[in-house]
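Okay, so subunit A shows up in both of these, paired with subunit B first and subunit C after.
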Partner chain A sequence: MFKYVLRRIVVAVPMLFGAMSIVFFAMRILPGDPCVAMMGDQATTEALADCTRNLGLNRPLPVQYVDYLWRSVQFDFGSSLRQGYPVSEYIARMFPHTLVLVLSSAVVAALIGIPIGIISALKRRSPLIDYPLRIIALLGLSMPVFWLGILLLIVFSLHLDIFPLIGGGDLDGVIHMLKNGEAFSSPRDFLVAVGDVLHHLTLPALALGFTLAATVSRLSRSAMLEVISQDYIRTARAKGQGERAVVYKHAFRNMMVPLLTIIGLFVAIALTGTVLTETVFTRPGLGKMLVDAIGARDYPLAQGAITVFTMIIIVVNLVVDMLYAVVDPRITYR
Partner chain B sequence: MPSPVRSRFTLLLVTVLAVLLTFGLAALVEPPAAQAQKKILNIAAKEPDSLDPHSSILGQTQAIVRFTYRGLTRFAIKDGKVTTAEVQPDLAESWTLSPDGTVWTFKLRKGVQFHKGFGEMTAEDVKFSFERQIKRTPGTRFGVNLEVIKSIEVVDPHTVQIVLKSFDAIFLLRMVGYQQGYIVSKKAVEKYGEQYKWNPVGTGPFYFERHSPREKIVLKAFDKYYGGKPQIDEINWFDVPEDATKLIGLEKGTFDLLYPEAVTADFASQVEKMGAVIDRRGPGQQERFYINMTKAPFDDIRVRRAFMHAIDRKAIKETMYPGGLGKLAISCVPPGYFGHIPMTFPEYDPEKAKKLLAEAGHPNGFTIKNYFISKSFFYPKVLTLAQEQLKKVGIIVELQVVEHATFHENIRKNLDPFVLYGGTRITDADPWLSLFFDSKEIPDPATGNKGTNFAHYRAIDDLLAAGRLERDVKKRAAIYAEAQKRIERDLVCLPITDVAGQWARNPKRVSTPFDPDYGEFSLHYSYNYPEMLKVLN
Partner chain C sequence: MAISRRAESLDLGVPLDREEPRRTVGGQLRRWLPLGLGILMAVAMIVLAAAAPLIAPLSPSAQYSDAVLKGPGAVERHLLGTDEFGRDILSRIIWGARVSLQVGLASVLWGFLLGVPLGILAGTRGGAVETGIMRCADMLMAFPTLLLALIIVTALGGTLVNEIMAIGIALTPNFVRLARSLALTIREQDYIMAARALGSGQLRVMARHVFPNALYALVVVATLYIATAIRTEAGLSFLGLGIPPPTPSWGNILSEGRQYIKCCPWITTFSGLAIMLAVLAFNLVGDALRDLLDPRLRGE
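Showing the complex of A and B:
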């Protein structure tokens, strides 16, 4: 197992390198210039030349590329061209917000999607149950997150006034208290901060989670259908096991392997979903930051964000591969 | 014995309940009583890219720095209105000009304090503020507006002498607290270096407290502001990119002031429906076409005239900005700018346009391939309207909608034979005409010139040079009137709409002493006197 993980990490290095190189060149192939983007209609020839020189963008591309790689190896991603903050610091601030959003929407998607998928598979012959569930799934698939998001905001924030309209809550506070141990010395404050974060997280997680739940339910339905028609299920039934035991003990565990693969993919989908979710709910986060960085041609920031996205996807896939062995003892890694 | 699977589900259920309970608790946590008494102003806008007033042209940045910085002069308040081309003393108490018109001596107001204990503002700070821009310190953007300065002398801590290369009619306008005119603390800039953009220190009514990136900027009332502590104690400047969210927030009471991305008829009607008002600050931005007179077929004046006959300006204006949302433009130098005169343009007449095209050898019109237009702001909408109108006379425009940055790049490569453009400048005909009609500003990819004379116009260079030297106000006005007449004659510019800077305000929460309709000038796309805003409870 250890050897396997090590091998995967070694393989991840060229992947990361490839992704970083693609981003580097893609950003520069895109027409448009960060200085023009920054100065807009007031960009004079002279000012543009000054700006280009100050940002080091007048150097030959290969020089910039080597410089970028060399700095990245030292974990120096440079500073945002626009706001001047160090990229690593910026990402460190945004990352937790995106992470909690992705995780919580994954939980929402799993809590809604998996049961719907399973029930819909098991009751596939009773139209009164299967059809409405499938319609819910279809609704989720066809409702864009920005639309659902605005709807949730109008109902739960504007009219019912239960949830806040904007922001990500006091996540900085939570992290700070966890770091310096205040979380345990003054649990009350900590709980209030956590509550604040969750309070801000509920609507975005529901919106993103619900749209993702549709995919999860469709996929878990078909995974369940496949498992339920296997020989060992018939055997289990034949030996007189109750339906509940058949489903939970035999079928559910076996459908976990294909489901885990989905969850791996799912993180990638959820990450792209954060872009719109973070915009609609006005949450700080990596997704929105990346889109703005590309729009402003803020090269270092966009490069940093994509590097982090790539790393997340690599890590999640690795974890998913390792989990296969946990859910299915027949799988071992050497 | 319960199955392990079932107990896991129970655990999950308990977790979910616990989470929901926490939400409930959080919702019940009330802000402390002290907070309720504080006068807090909540603004929804986009996040600025910097708080160094010399560093950014973004609307939101220019709007927020007006809260924290001041200049030597300011736009005059006359008869309850903020005027456009007259100035009053601000950080300077008085000034004199030498008989030859090249030496300005400013007497500074005594006792003006910088924020955060950076001490009294002195002539050193004034000298430093202008010199850092003239020297083109990396990150500064407006040095070009101070090029007229030859040297700056500190006479004593409260007297500064600025020597110009030659007389400059708009020098006092350049000294207004706007872009290059803001005075920064020398000590603070030297202390923070590159980090100054997020550690701003000015002399304005509010000081910078903190910035949570992608969330908000907090400003606080400066109790040593020379004009007296403002009524508002604290300002939260939220980063809200979506206009829909801003509107929900205004209705809910989360926000008191909105800086929208774009004010549409729909936006305006929603604001009105919820009992809020729109503060319009003219003259604002002008949207207009420049026609490249060196690019075929537009090098033929008949084709340019046909183009103008084909465009129904009123229809575009009414579609984009119905009623009071905008004004039909009447000149290539907008009203409110010194030197403005009304101009006339070929009226909308497709038949005449077709006839002119036929005369010019295009009886069946022509096609413009790969016409680039920005996908942002007003650009795509105005252009598709114009595209439809041009089609009626046989001019087919094949659009390529691109990112805003790409659009800026491509128009400077002269890829579009006519260019749609918008903007606001210092309110005088000189800087305005110099940027858009001076031959020095003709963009040219061969030389790397990225100027904004998209018409490739050369016919008013002599007038611009003369205007810059003229000291007689009336004669200056006459020079710019002549320039506008030449532009009218040569048909290189077709202005469509003058669009004011517009913010939505909840009048039950915030008041301003100026009339919502054009009561204040908006070079900053915002409030010139934020210290006069009042939070009502």
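Showing the complex of A and C:
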């Protein structure tokens, strides 16, 4: 077990550095001078030279590269060209917004996707049940999240006026109340603030969750099909257990093991989804921050956001691999 | 029989669906309908894109000042309405199919041409070559397709060729991994040993034996990646990083229409519908082909 975990970490570290290198070199070949982007076309040559020196862009590329790697592992991504304050601070402020979106869409995706996948697998001989469910999954898989988001906005925000059109609610306020204990001293205000955050979160979570549910339902269906063909299911049935007990006591529990891999896949898809979802709903978050940074040619901010995205994906996959070894001891021996 | 199929399933680490549709009319319909429907939709889209100059009722860039932001059918010549410049939405969607399908098909071809030889080389040669290729693929896999394409397009600029290259490169590691896993299975087959015994070199074995035997599965998965590529292109254009306006692409029509969702939801509705139908068509074809030709790939 220990050897397996160590081996996974040894593989993940160079992968992380490789991914960070790709980000660094991609950002260096971007068209346009960051200093011109920051100071405008009217800046004098001296001012531009000063800016280049201050940003460290006059140093040789290998020096800049080593410096970037060293600072990135310390979560120091420099300062935003536009906002002026540290990128890591900006990321720390945006991260909770993206996290709540990913978590809430995961709940939506699990609540829709897993039952659809299980029913579709168990009722695979009933075309009237299996086929409509598979078609729903296929539609979810084919529907771009930004389009579904816009449709939800048109119906629920513009026409029915049930949900807000833009923004993410006062999540910073909720976090602040939790930190300084106000959540317990004045629970009414806290619940109102949480309610406001959830109100803003509903449509984005539904849009992202529905598109993710398609992937979850397909993987659940395939995991369930694999499990129900196992010998222990036949044994359970042969012992005279009812279908409900077979499904809940044996099939469902064992199905969750292969479903673990979904988490890794899910985080990658969900993070991509947040880039589009946060843009559609004009929600604050890492995804919107990345798009805005690219639009404004704010290279340190874009570089920081992409590096954090990549780090999250690699670390989550590493954790999933380890969890997999914990849940399924056979993995250790492979 | 059951034992050998189980073994195949274990080899590729994916489950086998043991439920074959019965050979009744209903069973046959269930088997062929998705493929037929998918092919019909995909061919219709390709024809639409190829014959856009003949099919589109108006020029996609022609502006009609008397018909700005008109709804579907409000003005007779604009069946799906107009945008903020008075341009015909139907014509723009038909012309936009060109960009989306060109990027979809060409980027998958590009990813296939880059990834498959590398994957087959990794699977057949093994050792340091395999480790090197797979670690590079893993590094690229750390980026979701849209994110990697976004980085490349931002670095190179949003042109048709750059978008094709960006999405192609983003898809490459998927092809490398699949080709390698197929090559690993194929290289253990008796006919490969026979070819080697007859004096075939490594290159010949890869080109004449491994590649043709992996082709079915690769083509099936490539079809599914066309759907991914179309969706990615639409996402990039929606974020303003794809083909810049006024050239119409489904993503940028949708992005432009976003500002007018309150008064004129038809702009976003129809362009989004076009994206969904195109993605659905290639998903249907890919899914059906996978089930028909290579059941081992279910779950890929």
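In this section, the second predicted complex is superposed on the first by the 265 of 334 C-alpha atoms of A that agree within 3 Å, B and C clash if a C-alpha of one lies under 4 Å from a C-alpha of the other, contacts with A are read in each partner's own complex, and residues count from 1 in each chain.
Throughout what follows, a contact is a pair of C-beta atoms (placed from the backbone, for glycine too) under 8 Å apart; a residue touches a chain by one contact, two chains touch by 3 or more.
Quick caveat: nothing in here was measured; it's all calculated off a predicted structure.
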Contacts of A:50 with subunit B and subunit C, given as first, second, both or neither: first
Which of subunit B and subunit C A:295 touches, first, second, both or neither: both
Contacts of A:9 with subunit B and subunit C, given as first, second, both or neither: neither
Which of subunit B and subunit C A:66 touches, first, second, both or neither: neither
Subunit B versus subunit C as contact partner of A:154, first or second or both or neither: both
First (subunit B), second (subunit C), both or neither touched by A:26: second
Touched partner set for A:92, first subunit B, second subunit C, both or neither: neither
On subunit A, positions contacted by subunit B and by subunit C: 30-31, 150, 153-154, 158, 279-280, 295
Interface residues, subunit C side, partner subunit A - complex: 14-19, 26, 30, 135-136, 138-140, 142-147, 150-152, 154-157, 227, 231, 234-235, 238-241, 254, 258, 261-262, 265, 268-269, 272-273, 275-277, 279-280, 283-284, 287, 298-299
For the subunit A and subunit C complex, residues of the former touching the latter: 11, 14-16, 18-19, 22-23, 26-27, 29-31, 124-125, 127, 131, 138-139, 141-144, 146-147, 150-151, 153-154, 158, 219, 222-223, 225-226, 229, 268-269, 271-272, 275-276, 279-280, 290-291, 294-295, 302, 306, 309-310, 313-314
Parts of subunit A lying in touch with subunit B, wherever the complex brings them together: 30-34, 36-50, 54, 82-85, 90, 93-94, 111, 150, 153-154, 157-158, 161-168, 172, 191-192, 194-196, 198-199, 202, 245, 248-249, 252, 279-285, 288-289, 295-297
Residue numbers on subunit B that touch subunit A, as the complex places them: 3, 5-6, 12, 16, 19, 22-23, 25-27, 29, 49-50, 56-58, 136, 138-139, 141, 143-144, 194-195, 197-198, 212-216, 238-242, 244-245, 248-249, 251-252, 254, 402-406, 408-410, 412, 421-423, 435, 441, 448-452
